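Attaching a single structure in structure tokens format; questions to follow.
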Amino acid sequence: MARYFENSTDDLVPDALAGFARAHADVVEHHADSGSLVARHTAAARRVGLLSGGGSGHEPLHAGFVGAGMLDAACPGRVFASPHNRQIYQASLAVARPEGVLHIVKNYTGDRINFGIAAERLAHQDVACARVLVDDDLASDSEAVGAGRRGTGGTLLVEKILGGAADTGLGLTELAELGAAAVRRCRTLAVASAAHTAPTTDEPAFTLPAGELEYGVGIHGERANRTRPQQPVAALVEEMTDALLAAVRPGPGEPVLALVNGLGAVTSLELYGIFGELGRVLDARGVHLARHLVGDYVTALDMRGFSLTLLVADPAMLPFYDAPVRTAALRW
Amino acid sequence: MTTGAFDGRATSDWMRRFAATAYATEAELTALDQQAGDGDFGVNLTAGVKAGERLLDADGNPDGGPSAPLGSMAAAFLDEIGGTSGPLFGLLFQALARTAESAGSALTAAALATGTEEGLAAIRRVGDAAPGDKTLVDALTPAAEALRAAPDGTPADQALERAAEAAWQGVRDTADLSARMGRASYLGERVTGVPDPGAVGIALFFASAADTVREVAPHLR
Amino acid sequence: MARYFENSTDDLVPDALAGFARAHADVVEHHADSGSLVARHTAAARRVGLLSGGGSGHEPLHAGFVGAGMLDAACPGRVFASPHNRQIYQASLAVARPEGVLHIVKNYTGDRINFGIAAERLAHQDVACARVLVDDDLASDSEAVGAGRRGTGGTLLVEKILGGAADTGLGLTELAELGAAAVRRCRTLAVASAAHTAPTTDEPAFTLPAGELEYGVGIHGERANRTRPQQPVAALVEEMTDALLAAVRPGPGEPVLALVNGLGAVTSLELYGIFGELGRVLDARGVHLARHLVGDYVTALDMRGFSLTLLVADPAMLPFYDAPVRTAALRW
Amino acid sequence: MTTGAFDGRATSDWMRRFAATAYATEAELTALDQQAGDGDFGVNLTAGVKAGERLLDADGNPDGGPSAPLGSMAAAFLDEIGGTSGPLFGLLFQALARTAESAGSALTAAALATGTEEGLAAIRRVGDAAPGDKTLVDALTPAAEALRAAPDGTPADQALERAAEAAWQGVRDTADLSARMGRASYLGERVTGVPDPGAVGIALFFASAADTVREVAPHLR
């Protein structure tokens, strides 16, 4: 408690949850038993409940995306730690629909295990459950990483598309397939120029030599697999964008959704400058930038960095993305 | 009650004996997880069995069949214990509880085989570990095989004794492996030579059942 | 260019403006001549154009609040420097309505002079112009400060209320009076646990000893008039709230609008925790918390701090605040 | 043309002479602002007069009356020059241009008095400085008073000469003051003894007019 404004390190998340629930009482309800946030309004046409969750520290993900048109519930764990399987299990029971519940899970061992156990328990109760595993991080796309690509910024786009789709009454299998297809068409790359402040030590989680950049960070303040000199943002964004394009390979005229995402402490000035560069590169490559978001959506506490996400939408996805949404952090 | 099968009282005693074993070995388990993980396996396991005992006490009907005590352990481990191993143990207990329920008033060796196999399947679905990844799967897989291999009509306690032996062999084999899953995987070759603590926990579980029959419930022989 | 993602320090603001204009082309138009952002849609009933502006580095203020129901134009200066009077003059001409244009000005010498000169030039062109001077900062409320209280977080609330009021067709004098009344009923107090990164040096603008807090900061990274030990957030928020209540003195049952505002690098977890504490204190004091906003709205680049604003609404103000708004950073 | 009043050519020459004076004193002005401010007053002033000269050149009709050259200077200082003093000087020029426009083909002493008063009023509205705050207001206020005090029919150049003298006295007085407004205010007592650079700029402006008549436009006498 020096850099952090909190009552104690242990209180940081529960106090935030309580405050969030009060601030957005029109949109979400705080289920104290499971420590989850549940949407107050959801489309009657939904046949499947949508649930996500994960460690805290990534706000507004996921609690900020609970509400009409998006998630039915979010289960926040402690900072950077998976929620308990019981949280997930209880919240799933609360939001399951006739065709069950879909779990949107970022690919981390702890999350996979706890969501997996919750799914086993739901099966035990004859509640149908399927999973969309989000593993969009390009930097961890390597044979050396046994756990597979991490789940990062793309989660937001996947959640929005699934929310729009669920509102049209799609079934569990269809939604799971749609989510998997969206993930396959989506990659994210992140960089940082300064670490987040570790809540336990109140110190930067790592120190970067002046003028250096972490290239390929995750959202838990972990270092990237390489450090390299900072460069003008035009060149940096061009390189990142080209790497993402090589991975998602949009076909001619295919609509691309882009997310320019702040990891916490980067300024709005920088994010919009980055978006400008991204737009220029996509224009130059003849890529159709169909939709975009610029802001802090999937953060790593107060890390000073940003991520770029590209998702190549198929014809069905765009209307789902465009469908109305009313959550704490996203509304249109 | 089928002869040689576990009734509710025996199952409950099995669970309490497992708890006692966990307390007795906590320091050793902790030491193993300190070498191969983050050192909390002993605490996680004892916290789980303690919560399980509380639920067993609250249940209070030891003659209610073998499913209830296993269900108490499942609820305790699934609901109260964090970390990786707690809920995975819970899945094993949950599968055994379910089989016990279909089995009726007593758990046969065949039902134990089925329950263990289903628990193993759930653990593998959830944790994604294969045999050889240096996890509790390396103890549970041979245990399930031993139970299944028992000839029709083998008394449950004998089947469990073989399962425990097979599990201990699995534990010994994990010492030669480097970890691919779980926290130990970050340490790579550095954990070779150390057996996996979660696997030890599994072996202790089956061994406690054998002890139960020998010392606590000789009427089942 | 080390901590900052930019092409050069000089490019930071213009690049951000261009990116912002592209990102929000449905809401704003970039007037390159004056370097200002002008709303694409505004109520036909408006008889007065609403314009604000000031140094950059406070995003989303003001550009993020240009659009239907709020500002007609925003003039951003360089980082922490007043816009040029010509920017303000030209943008004012672009958005002036039959009854002229209202300038919403944060109280800083540079801003006062440049807005004042623009007003003189408008008078020269027979364009009616009035000013609402926002000076809501409680920390600078002292005889020793010749320049008067600073304008800070309350600006957002004043802009929203004036936007709603302008849409009902209020005249220039009425709007100016309404704005002045809103300012009188509004105070803000800000604290910081770490400085922003100065764009010119790429170093923290100042260093705070571990465990120390700046009590009473502004939004330009200036230090507060006192440094003191950090404390649990419940006690800190209670003290700040009581100081604000003593200044704005809500009458029994009077509706209070609250803004819990991040200064840049503070996490969403902390802001919601702070909001929870604020709610508790107001409840305990019998104050009617009628509306609230929680988020980064008036920032100081990447300063790690927050501000609390309380505004005691009179019966007319609440409907103006509630009126629909559609801007980049605020929409309902 | 009223005898003793400034026509377009004389006004244009006044502006060019002010520009020449600014260039000649830039280093001194810079030094003053370095002691009492941030050191950019010299640059700001010369940048303003340079932009003004460009507009005067572009206008190219020196016989168009006295308002146009003042308007050129107003546009240059208001549109091109940042900082505090640039636009404040622009306001003075804008007020003089407006009075010149109503005055018609020639600026009388009375019109100069009105224009200067209006410029001063605008500067005070905008900058909120009062006499004694150690700003250019301390030179402009006595200058305006001297212009107004000139008896009816005083030739413009004589009136301006007295204005310049009064302004210089104002400049000398600022040296005794500590600053309350502008950047110098942060330095408090430390700037006592240093005259205010903006005030010097105002005195130079009026002095250039007197020079104009004496050297450049003797036909106006």
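Just so it is clear, A, B, C and D label the chains in written order, and each chain counts residues from 1 on its own.
The criterion applied here is as follows: a contact is a pair of C-beta atoms (placed from the backbone, for glycine too) under 8 Å apart; a residue touches a chain by one contact, two chains touch by 3 or more.
From a predicted model like this one, the values you see are computed outputs, not experimental measurements.
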{"item": "Farthest-lying chain, centroid of Cα atoms versus that of chain D", "value": "B"}
{"item": "Euclidean distance of C-alpha centroids - chain B vs chain D, Å", "value": "94"}
{"item": "Mean-CA-position distance for chain D and chain C (Å)", "value": "36"}
{"item": "Chain A and chain D, separation of their C-alpha mean positions in angstrom", "value": "61"}
{"item": "Overlap residues in chain A, where contacts from two or more other chains coincide", "value": "none"}
{"item": "Contact graph of the chains (line, ring, star, complete, other)", "value": "line"}
{"item": "Contact pairs between chains, per stated definition", "value": "A-B, A-C, C-D"}
{"item": "Sites on chain B touched by chain A in the complex", "value": "78-79, 82, 84, 87-88, 90-91, 94, 98, 122, 125-128, 180-182, 185"}
{"item": "Sites on chain A touched by chain B in the complex", "value": "84-86, 89, 109-110, 112-114, 116-117, 119-121, 124, 146"}
{"item": "Complex contact set, residues of chain A against chain C", "value": "1-8, 11-13, 15-20, 22-23, 56-57, 59-60, 64, 79, 193-194, 197, 202, 210-212, 230, 232-234, 236, 264-277, 279, 292, 294, 296, 299, 301-302, 304, 306, 331-332"}
